Amino acid sequence: MKIVKLPKNKTNDFIEHLQSFGEVHAPQKKGKKSCAFQPVTDPSKVLIGEEGFLRTILPLKKYFHKPVDTLLKFSPKTGFEDAYEEEGNKVIFGVHSCDIHAILSLDRVFSGKYVDTYYFRRRKKVAIIGISCVPDDLCYCQSMGTSFVEEGFDLFLSDVGDGYLVKVGTSLGDDMVSSAGDMMTGYGDSDINEYKRRINEFPSLFKTKVDEADLPAILDMEYKSEIWEEMGNRCFNCGICSMVCPTCFCFDVNDEVCLDGETGERKRCWDSCLFKSHAMVAGGHNFRESRADRFKHRFLHKHQAFMGDFGRPSCVGCGRCTQDCPADIHFVGMVKRIKDDITCVHSGEEEK
Amino acid sequence: MSSRTIKVDHLYRVEGHGGIRVELDGKKLLDVKMEIFEGSRFFEALIRGRHYNDVPMIMCRICAICSASHRLVAIKAVEKAIGLEVSPQTKRLRELLILGEIIESHTLHLFCLAAPDFLGFPGVAAMAERHGDVVKMGLGLKKLGNQIQEIIGGRKIHQVNAEVGGFGKVPEEEQLMELRRALEDKLGDALEAVAFIESITVENITKSPSIFSALTNGEENYSYTGDTILVSTGETMPVEDYKKLTNEFVVNHSHAKHSLYKDKPFMVGSLARLYLNRQKLKGKAGQEMKRLEKSFDPDNILWNNLGQAVENLQSMERAIEIIDQLMGDGYREEEIVKPLKIKGGSGSAGTEAPRGTLYHSYTIDSDGLVTDADVITPTAINLENMEKDIRAATILAIDDAEEDLKLKLEKVARAYDPCISCSVHLVDLRKEKNSQP
Amino acid sequence: MPKPKVGIFSLTCCEGCQLEILNCEDELLDILGAIDLVSFGMAQSNNLDIDLDIAFVEGTVVQRSEVAILKKIRDRSKLLVAIGACATNGGVAAIDYDKDREELKRIVYGEAGDFIPSITPAALHEHVKVDFALQGCPIEKHQFINAIGYLLHGDLPLLPEYPVCTECKRKENECVLVQHNIPCMGPITSAGCDARCPSHYLGCDGCFGPVDEANVAMEYSIMKEKGMADDEISRMMQVFAAKSPIIKGQFKGD
Amino acid sequence: MIDFARKSLLDNPYLPQQCRIVASTPQTDDTMLFRVRLEDDRLAESFSHMPGQFVQVTVMGSGECPISIASSPTRHGFIDLCIRKAGRVTDAFHNLGQNALFGLRGPYGNGYPVEVMEGNSLLIVAGGIGMAPLRSLLWYALDHRSRFKDVILMYGARDQEDFLFKGELLSLQGRDDVKTLLVVEKDPDNSWEGDVGFVTELFDDVDLDPETTYAAICGPPVMYKNVIDKLLDCGFSKGRILMSLERKMKCGIGKCMHCSVGFKYTCIDGPIFTYWDAINMREII
């Protein structure tokens, strides 16, 4: 693996330099307290690391699996046409390890026997530049095994105080650093020591920890637990947790018809398995009628079902769902209750 | 010829439900009534006991076409009642929002509701088949007004963004610049619109002089806000004294109260504003008004249409000016200002809505709850004057065939651009029927 | 295929939903080209009393005469579409639906207003069968245009069945409720407005009415946690859909 | 990691092919058998599927929905779809009319594991519209008759009006290489010549060797439970009971998640599941 160093005072220059590889997107202020991946016009507005953990409102999936996407155009005269519109190259800068893991997870979902072309045509156009981070109270990527990444990035920047050690993951990444001239320097012993120090210290920075071991089986045993009813009563089925989750990908597909009553577009938009309509079929039968069932379904899909499919949970521990839930549902607390505190699951108070 | 009744059962192409009824005995005019059968929603009653923050949200639902005016004048009255002062930037943005409404409402009225009368079509759909370009131009201008309301207010109708104390989120600079470009683009159309309306409204079918009233802000520019009431008879009064002007009372044929000033009907709206304030017009609108001055005829209610066309042009020019001022003064994000402590009180405010002066007045207690409310709308004010003009028009056209006469009466009523939803609501509790001072 | 005969009607309201139809400036001529608009009081005078394929009706029923008008419209229309908060849930006119009409009348008009007719404000479905409803105060133009497209195609329109929050998050808004403790009705309000209020740092007022399965009890307790008093919450929830069963259930126990 | 150079990334699996209705035969009040053919002759001739698979059917503007292929892969050049009016798309499909074009993509789903089933006896148990996917399997077996030991069909409908493929199935009763047992639940005017009752009652009429038989079931949820009980009583292993499941579907290719049950997708892991799969996954029935 090729590793070089980017001194911090060159970061903005480097971001500027990346524009020649595509439109650079990076976390920047959105709203009053939050941030979001947005196109960079002024590198000094990019928010990375230093101010503490910055969890973007929406994860990276918005670039590949759009909130609302037009799949097809149709007309009785011309039949069906692919409505995909070619997009330019993008460089997404400042992606945390958990979010990179999430993209790897979506890559698996959208490939397989049938490949989702809409996802991959966009995915191919995007370079990912990861960056190390310092967890906040809600992060538990360490517990989910997503606090480090070995793949899925073109470059990965690890903070070593006065600069970043830049791991080069792909040949495109190599082009990015090679063409950066003297923005990049070599690294020395002190950098290596600092890197190691941080890596060793990292696990101790997590305030939230859960143990997922054997959770699938435990979840199966707790299939009839009271906790689902309790959560079902609490949940708004507002869909926020699914929208903000970097690994939720459900979508709904519907046709829209133009004013001529015959031509139109087939659109898909982000959906949530918490919606009543999600498993409801013609005639009104619903395979997951109660909110408790649906709540359980989402939770089980993250922590149990996905295991069966891909050998790991789909939750990457980013903390978004817990942060944004308007009903104050603490998803990590849920894992803990189910996993650790058997007596707590069957009755008792929610720990939060 | 014996007694007969001429009835326009349902006055179409206006906002709301109303009709005209004229009773004749031979050539003698017995009675004229503007009948209003819109249902009552009792706004002034249902706002009682609500928090002042709910006032704009609920009261703007009195009427959609002038929802921005209702919203902003309610906000202003509430702010006066609780003693809240907002930033100059907020005031400018509010004025911009009003201008958007004036543009939207005037062009809707001119092109979609009134113009078909003069070109002999039953409605805009039919008119579009023959005059597609004119309709497109009108809709383009209307859209511009909506664009302003959407950007400043967050929605074309019932703007969510304007609240007591300021704006939830001030529009982005780039959005304002985009608006400015759109406004510049359409100035030519606005000029053409004046020429078009001029070409179709000429005939004076009422020949009936009116008393006019409008607000003034004491500044140099032609404005839709102000705290002083001007009356064409020469009096002025502060807006707090609006009841001396309006004197509303209930009449049996209408769910809207009527107004008389010193026992005489009076008029508010474009024509009234032009009559009282036209010397303040500047720019292209000023030039147009100079050009039209020779033919300016305040006794001709159809001039209200032409007046709206001039105001439309003026509003667009003024909007550009405001955007420039906003940018010049260091445009910035601002939070909604909140009172440190609510002291109870009363506040009255007026604004020039597209159809004329609109008054809201509230009393708020120390918990911030509304204890009393009063709303007086321009259409309600104009009803008496409208009946006066319909009377005049009937007399002039008494020999016309019934259909022609009806159309003339409709033209008169429609020229007021009546907004009937607006007009229906409470009369002041403290006032008895016909108890004018 | 002949163009469908369409009527647009209005009962008592601000007429904002009709106006929103006229606000389809760019699409208006296309809409008029696709349908045969036989009745639209706000925009034309040549309105016919003939049988209709689709009737769009806005407004609240607040006087007996309107019940008759509405029944007539129902009788002559294959499909009756309620448009807006007033027509679907009673809207602002029904805020005080449970108060004595005579008393309200007296407050507003005094003794002189006795002749003014008034009955308990009602949504359309309380008097006639409604086939479909577009929500909002006012309705949203894109929903109306889409609805026309679907109806022309021969299907009932599709509307989102999820709450405002979903739209709010798809737009990547910062949550005003979670991040700023601003009371927001988003979690229990039907989507469709593109999260207008939260996009302006304001709590959703609930103008699209309660979403199917709205968890009103939870909204209540979250608002309490955010420091609102009972009467404040009660006022907040009873503006646009006080009469809807799901809201009534929380306050009137039925 | 994904190989972005893969060519298949560009093939759009969501794009339907134009397909034409060539014939339609009413079955019941709300159900019609459509014979359809892909417009592109090359595609029409090369189209192949497994019994039990389904296609995604589009009516432009109304949307898309999954429909089982009711014809056997042994018959080429056309596809049979038996569609019951149940909502938006299916209603619109019925309104399309003769010769109309619609969209079709597929086939999807796993289908019946016919290679494994061959050499065994085949028991087909169908209820109501559940006959549609099983018709494909039935004709597959009959067209490859030598590959199977006994072939037994049990079909039950609510009443005669609800009886699908009536002529076709009745005519099978004349064949001696297939045991055809047909019942209706109700026969108010006594015009039904066969048995009246439930499919489960037909088990008394047959001799089954659970060791060498595969049972394929499709029908309404209530039927599953009763039929499965019967089969288990007979000694069937859970792996020899094959069920066709129905779930909401939007994409048909394992992406949209609507049909997920546990860690399975009905669309790509199913719709054919063994009874073992079913009890192993919560909420499947």
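Order of writing sets the chain letters: A, B, C and D. Residues in each chain are counted from 1.
The definition used in the following text is that contacts are C-beta pairs under 8 Å (C-beta built on N, C-alpha and C of every residue); 3 or more make two chains touch, one makes a residue touch a chain.
If you're wondering where the values come from, they're calculated on a predicted model, not measured in any experiment.
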**Report entry** Chain at maximum distance from chain B, centres defined as averaged CA atoms
**Finding:** D
Query raised in the report: So what's the Cα centroid distance for chain A and chain B, whole Å?
Result: 52
Report task. Could you give the separation in Å between the centres of chain A and chain D, each centre being the mean of its C-alpha atoms? Result -> 38
Query - Whole-Å gap separating chain B and chain C, where each centre is the average of the chain's CA atoms - result: 25
Query - Distance between the centres, which are taken as Cα means, of chain C and chain A, whole angstrom - result: 37
Query raised in the report: Using the touch rule from the top of the page, what residues of chain B touch 2 or more other chains?
Result: none
Query raised in the report: What parts of chain D, by residue number, touch at least two of the other chains?
Result: 61-62
**Report entry** Per-residue multi-chain contacts in chain A, two or more chains
**Finding:** 254, 257, 261-262, 264
Report task. Pull out all the chain pairs that touch, please. Result -> A-C, A-D, B-C, C-D
**Report entry** In the complex, chain C residues that touch chain A
**Finding:** 27, 30-31, 33-34, 145-146, 148-150, 152-155, 158, 161-163, 165-166, 169-175, 177-180, 184, 186-188, 201, 212-215, 217-219, 222, 225
Query raised in the report: Which chain C residues qualify as touching chain B in the complex?
Result: 10-20, 22-23, 25-26, 28-29, 32, 37, 40-47, 60, 62-63, 65-66, 91-93, 95-96, 103-105, 107-113, 115-118, 121, 137-138, 196-197, 199-202, 205, 207, 232, 235, 239
Report summary line: chain C residues touching chain D in their complex are 150, 153-156
Query raised in the report: Which of the residues in chain D come into contact with chain C in the complex?
Result: 61-62, 88, 92, 95
Query - Residues of chain D touching chain A in the complex - result: 1-2, 4, 6, 8-16, 18, 58, 60-64, 86-87, 90, 101, 103, 246-248, 250-251, 253-258, 260-263, 268, 282-283
